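First chain A sits with chain B, and in the next complex the same chain sits with chain C.
And now, the complex of A and B:
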């Protein structure tokens, strides 16, 4: 039995009005952001060095080596951005809540807490070990926050969910500090965790990331049509042959997988999901079959460009990408809060 | 006629009862604060008898005691006492004025605003204490003004205000994390202070602004606070009772921001004091009285107890903010659950 039926025949598969233009534009932007990410940074690279670094492994110059380093960083940023974008879209769909984002729901802090715990008490040092801890922490936190946020009348309204996320986040970060302070080793390891950064993106972390990204994206694409039905309400969805709670579980699992893995490897990077999904929904309309893949693209572009901005603004050092995304994303949260009607808060 | 006088008697009896309770609670809180202050002075690596402590504070030179008490414990005690008073009073004002226990300077982003200014002055500009205080007050007021304009709109809603506050807080916290990351190598103790608030390394020379602010502003706040209770009845009732709502509000907000900002500049953002003090004071005294003084005393008590716990209860010394965070955050979650159940959000 197919639990996630795709509704209608092929002829019902209307492309949203702006789909083609948006796709072309996003792909162009993606290419631009990749090139920009390879070219700019603490040391600017010229074209010759770029070509040497990319296509001639034999040619060894300082610039070419920098380009090779930046290649892994850029790919890592693209993957993280895509994961966070899709995670945001999934969580917004599952909670039927426009403000759901891994960072706002405190899922990032949950992942952080478990990783710090692992570093401080279990002597865990490598990324492929603590990615599991991060996923576990992210999952538990997501369940907890959603549980508190959906108590009482009206279910999980945006304000309830955001407050539950903020409170949980505050509680968990005091625990993080309490674990961290006695252990200078954990403190040192954790420093990059306080703010997300893709500077640590190596080929190893990319390879660790790929399976999680693939499974998460697969879940997202499979559940997208059914999530569309869920947007109409639980009753309508089940009358259309969707099993609401099973679907919710699957989609939330995918979202947690994506943002937990990204957080484990890059540290907490906020607001990408919020930004990418809202932008895409604004342009393409509510159909998740288009919003989810395009959010992946948009998230990748936003994160990569934010990283470049951070490198340029912070030069000669760099501004962590988590700071940049907070600055771009938080105004969106404020804007959404201003725009939405009082009753729907 | 007779009926009326009986009724009048009842009202008067009730007032007297409330007044007695107020006096009783305030008295007990003052006593326990004094007791805690004594404990702060006598306890430490070596425990000194009370009369030695008093003699050394009076200016007598006693081998060992004078340094430990006069330069380390006394400033620490004063910082805890006055910061607790300031956070407690300011939190109570915000909570009462906005008629919502969640609306405190922490969630509204005012504490973060002051922290950013203070951290920036200390780590980047290396300015004197006076300028740090001034800058953090200015930044706190600026945050309030920004919040006011952002939340104005068509209709005011506390939910929207809190959402906007969380957004602003996210941006400001990103800046703090960045500043901490940049300055981390130089000064680890300052870093910890700005993560969670700490009384470590309080110096007598840092304290005058905070003490002056508390001593000068408390009477003003108490006088206008009487009108605060009328404000709580609602805008229209208040103005029909002859309270100038805007003036009262502006004066109280400015005083509260001053208190929060200067306390933050001195001890760092001690988590959750401004959130916990008001509800506890209301519970102890009963709603309806002007609980500004009890709220301040509750704040001072919490800070001192938490600091004693942080110093002596564990193998490692935790800053006070970590302890208050560990206690306060679960209470926040509990409050959210309660409010959600009742459908107050």
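And now, the complex of A and C:
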């Protein structure tokens, strides 16, 4: 009776076809990106300096110190990339919109508004103060957008969420401009923050980041199977025992934590959420139990390599990673869209 | 039979926003039978199915399963007993047949359980019943409308519920596929005792495949019973506002509705 070949190799639908190959490839790329991130920059490092910097805290040389700084910078870039990749996957699943990224729920703009407010009126200058303001802004905005999007029939439907997000985003960004224009000081400070950069990634910012990253990833892991059900439509999801609005709230909360924290510490970095998830969906198919963790890996790799590219291109100074991801990301995304292979949800 | 359930609606009213569509519905779904809800467009038959399935919250009254209000049953628990295939589910692009059907196992899985042998078997069996095993590795996009519908039903079957609701499972399909799907659903009912409730557009297929008919007009239940009792000239005229002749279906010996329009009716001329 049981002719279903699921136990054979051919259609073990527990794992997407290309899963193992992709995993191996991504891990190799991850290792490569870590190595190049440690080696390359405004000043190239030789092997001796690399080994000294990594394994002999006592040995003090200019090169070794640069390596030590690059270690924290690299870890910070990996964390930010992973957070943004997963945040993108969550937001896309929540809104069932393949082009949603964290900015779609107004999260980035909300974070920006609170940061610029802090700079202009509260004299805030350091990252550990930014993070709370930015997270608070991101959270308030997400709740606001969710509240508006949930009004009326059917609760928080994808289309209402996207509309509410776009409208809120537009309104908030005009507020950002309104606060910034009269104050040269705020404009200078904010401009520095607004172009995303991981160059400021210190051990302090990594430690501040870890709890947010951990909780956000945990939420993503827990909600992934239910988000798979949600992808079949709200009615199918309900009939499978999922509460669509509650699920959306939880997943969006995880997305806000991840992207709010990354944005607070590094400034707004675009395209990672879109790029990482689209690549993974293209290769692995739409199963979020695999797309989400693999997007974390892919996001980490893309951001770290973009940072290295920024350091090399901008040498002797450096180009902020936010600029690089936009430059690399935009054409690739256009290419994907033109191939009409961008997987809709 | 342990699969027998008491599924009732009492004093049920429901609708969208402020607009009440269903009024004062009292019914009991015959267990282990195939029930069909019929009625004209916009009469509230889909609304009834959705309200019974907890997809719409009733504005008053109760839907109870084995004596317990369905709103009080934990969603995953309910989803292990009652499966629903709505009219227009969303197909995630690039999804394979087996992945889609596998998602029907969600209510049976917990966070750390992963895929158990039971899950694989349920999916394999659902594919077998709906005759889609050969498509397991294909993209849904590669299938025809009829095949696709069978895959969706297989997804609901993988859920392994005792009760299955389907909202117009044969709409937009050629007659061949309509009959094929209704045959497969009948297999399911006869072999597994699954209680099936569906909304169908075609009265003649409803009369042939339904053990029990619920006829809805303007949000009210106007008649219910076996097809032979319910489907009569006068009832069809009442709910569809159309004159017709009901004859015996030569194939199934169930009522067959032959509509009489303004033209081509020789009876009128007599």
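Here is the rule we use: the second predicted complex is superposed on the first by the 269 of 345 C-alpha atoms of A that agree within 3 Å, B and C clash if a C-alpha of one lies under 4 Å from a C-alpha of the other, contacts with A are read in each partner's own complex, and residues count from 1 in each chain.
FYI, a residue touches a chain if its C-beta (ideal position, glycine included) is under 8 Å from a C-beta of that chain, and two chains touch if they have at least 3 such contacts.
Remember, predicted model here, so these are calculated numbers, not experimental data.
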Chain B versus chain C as contact partner of A:226, first or second or both or neither: second
First, second, both or neither for A:46, with chain B first and chain C second: neither
Contacts of A:61 with chain B and chain C, given as first, second, both or neither: neither
Chain B versus chain C as contact partner of A:125, first or second or both or neither: neither
Dominant toucher of chain A (residue count), chain B or chain C: B
Touching partner for A:181 - first (chain B), second (chain C), both, neither: first
Chain B versus chain C as contact partner of A:334, first or second or both or neither: first
First (chain B), second (chain C), both or neither touched by A:171: first
Which superposed partner A:18 touches (first chain B, second chain C, both, neither): neither
Residues on chain A lying within both footprints (that of chain B and that of chain C): 152-153, 345
Footprint of chain A on chain C - complex, ascending: 16-17, 50, 53-55, 74-80, 82-86, 88-96, 98-100, 102-104, 106-107, 109, 111, 114-115, 120-121, 123-125, 127-128, 133, 136-137, 155-156, 159, 165
Residue ranges of chain B in contact with chain A within the complex: 102, 107, 150-151, 153, 155, 157, 159-160, 162-164, 166-168, 170-171, 173-175, 177-178, 180-182, 184, 192, 195-196, 271-272, 315-316, 318-319, 321-322, 325-326, 328-330, 332-333, 336-337, 339-343, 345
Chain A residues touching chain B - in the complex, by the definition given at the top: 99, 103-104, 148-149, 151-154, 157-160, 162-164, 166-168, 170-175, 177-178, 181-182, 191, 194-195, 270-271, 317, 319-320, 322-323, 326-327, 329-331, 333-334, 336-338, 340, 342, 345
Chain C-facing residues of chain A, complex: 1-7, 10-11, 13-14, 96, 152-153, 222, 225-226, 228-229, 231-233, 235-236, 238-243, 281, 285-287, 343-345
